[in-house]
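Listed next: structures, encoded as structure tokens.
Paired with subunit B in one complex and with subunit C in the other, subunit A is shared by the two complexes that follow.
After this line comes the complex of A and B, so read on.
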């Protein structure tokens, strides 16, 4: 029997929760430190749905993947889902050990789940060293070695085990191998979870769900920690690491949200930034104060679009990176920067007292 | 316990940091404060071990550590 770790290395599997870190590296470290496993099935990002889809349709393979990775003869595996969610109910019904995360954006973050599993409040922890090695939280409480993998990552491991690395690599590109799930939602005909792979355009992904409607102006890729594309950019942008990086983003946790063209995109962004600010766990000063300040800077800029306002916003964004225990402020900074760039023509329209969404609404009902 | 002899970059435990701002005094040039008094660490260069040890010792929140 071949070792699953060798198969994961050969397949080139990367984490499907958003960070795209090498799964083999994590699994190897977990074995060395005899880490327990937490399966992240929280669908933590706004618009995410693939974890629930896997639990609903491929639970057996998910459990199989977890058993392959978790070390020890009787592995200790916990399945994380938001408290009271349908996913949690399905996991409970299957008799699995469910770790119920609070209804907060950041509570599905890796270290927040580890904190919760250790009797903490389920808030992100400072990673002085990776918790896969074990360590202590900021208050000095001991944290046992813990590995957190996304539900799709484990599902892929079970598929690699069954079908082999060559099968896995027959999907996607050499740089971004393997099939991957994408949750498509928002202003689209058939929202849902679709199986795809890197190398197609974002527009082609959206075709799976009925395609971009002609009135669509903008598309969000990756949720609150993602980027904003115009409909035209979406049609030509390649869905892979390099293609998304060109727009400051990544394939992230695999989700695309088509923005409602009847709502001003500056307002959509403002709403998302307000939400992001409210979802700070309130632990780290730069996030607790920086995100609400960013949200109000954005609103001020939409009310009176001026270059100085945009400069102030960028200065604000620069103070969010790598200054939190988790990457929530980094993600929101990325989103705000992308929105500022992509929506520049929209600001120009607003500066003369108009709004393209209002125009399209008038056209729609004329 | 990591050795303090070798110069290593300094980091802030953001969960513990409550913005006393002492580090901006103990490590001037390396750490400045944002508008709310939270440290902004410039760069990830190793810090002189003696300077680092003093800053770590004097942080009221015990939030500074070596990476």
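After this line comes the complex of A and C, so read on.
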């Protein structure tokens, strides 16, 4: 039997939770440090649904994947899901050890789950070194070596184990190999979780769920830590790392949300930024003060669109990156920057007192 | 110098000491409060806090030396450092002595601040409130009844100090408020 680690290396599997870090590197480090495993099935990003889908349809393979990564007679595996969620109920029903996380945006972050598993609060911890090596929290409490992998990542490991790396690489592109799930939601005919792979356009992904309706103006890719595309951009943008990077984003945790064309996209963004600000864990200054300030910058800019306002917002954004214990401020900064760029024509329309959403709504009911 | 001059000098420096002490403690309260001054104003406040406390020592020393040297009432040099040993007004003079002892502790730790743990220095520095309080009581109760001005000064200092301390207790900071607000949310 070939070692699963070699198979993961050959397959080139990357984390499906959004960061797209090499899974092989993590699994290797976990073995060396005898790390316990937490399976992240929280669907923490806004609009995420694939973890729940895996638990519902492929739980057996998920457990198999977890056993491959955390070997031993009685591997210590915890399955993290939001408290009271359907996912948690299904995991409980299967008799698995469920780590119930509060229904918070940052609580499903890797180190927040590790903190929670060690009896702490579900808040991200500062990573002096990866917690896969073990370490200490900010109060100096010991944190045992812990590996956190997304549910889809583990499901893919079980598939690689069964079908081999070549099968895995037959999907996607050379740079972004393997099948990957995409959760499609929002203003679309058949919202749901779809099997796909890198290399197609975002528009083709949306075709799986019934396609872009003509009235759709904007599409969000990657949720709160992702980017905003116009419908035209979505039709041509290639769904792979390079294609998404051209728009400042990534494939992230695999989710696409079609924005409701009846709502002003500036308002949709404002709502998301307000939510992001409210989800700060209140630990890092740039996050606890910066995000509410960013959200109010955005609202101010929406009310009176002026170049100075946009510059002020970008200055604020520049203060957020890489300054938090987790990447929450980074993600929100990315989203705000992308929204500012993509919605620039919208600001121009607002500057003369109009709004494209009002127009399209009239068109819809005409 | 005749006895009456010493008596006046002792009273005068005592009153100035209480006023200066209140001012120094007030600056300290402002610095320790949650809406502490920032930047240049913080430097000014801190500088005043330190230099005025040194200046106050001159008045305090004069107050003590003249009160004993005057000799009109028996106090004794031992009562400078050991509380409640003065034959005259054992309790009230003793309060003043207590204040001196606390002051010595606060000053010694402040001069050794860079050599001792911050929390030790802080713990001792908290005694400043007790020092200020005994000084006020000492000042008010020893103020002669035929000179209401002296008592009024002590009373005024008590009111000003009381207001500053209440401000420190009540004043909040956005940082603290936001942390408390977020902490109250569900995190486990």
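Operating definition for what follows: the second predicted complex is superposed on the first by the 365 of 366 C-alpha atoms of A that agree within 3 Å, B and C clash if a C-alpha of one lies under 4 Å from a C-alpha of the other, contacts with A are read in each partner's own complex, and residues count from 1 in each chain.
The working rule: a contact is a pair of C-beta atoms (placed from the backbone, for glycine too) under 8 Å apart; a residue touches a chain by one contact, two chains touch by 3 or more.
Just so it is clear, the structure is predicted and the values come from calculations on it, not from any experiment.
After overlaying the two complexes on the shared chain, residue contacts for A:289 are found with subunit B and with subunit C alike. When both complexes are overlaid on chain A, the residue A:116 reaches subunit C alone and has no touch with subunit B. When the two complexes are overlaid on their common chain A, residue A:275 makes contact with neither subunit B nor subunit C. In the superposition on chain A, contact of A:171 is made with neither subunit B nor subunit C.
In the superposed pair of complexes, A:128 makes contact with subunit B only, with no contact to subunit C. Legend: residue contacts after superposition of the two complexes on their common chain; A:324 is shown touching subunit B, with no touch to subunit C.
When the two complexes are overlaid on their common chain A, residue A:104 makes contact with subunit C while staying clear of subunit B. Touching of subunit A by both subunit B and subunit C, each in its own complex, is seen for residues 285, 289. Residues 11-19, 34, 36-38, 40, 65, 67 of subunit B are the ones touching subunit A in the complex. Put simply, subunit C touches subunit A in their complex at residues 174-175, 178-179, 181-183, 185-188. Considering their complex, residues 102-104, 107, 116, 121-123, 280-282, 285, 288-289 of subunit A touch subunit C. Interface residues of subunit A facing subunit B in the complex, by the touch rule stated above, are 124-126, 128, 137-138, 283-287, 289-290, 319, 323-325.
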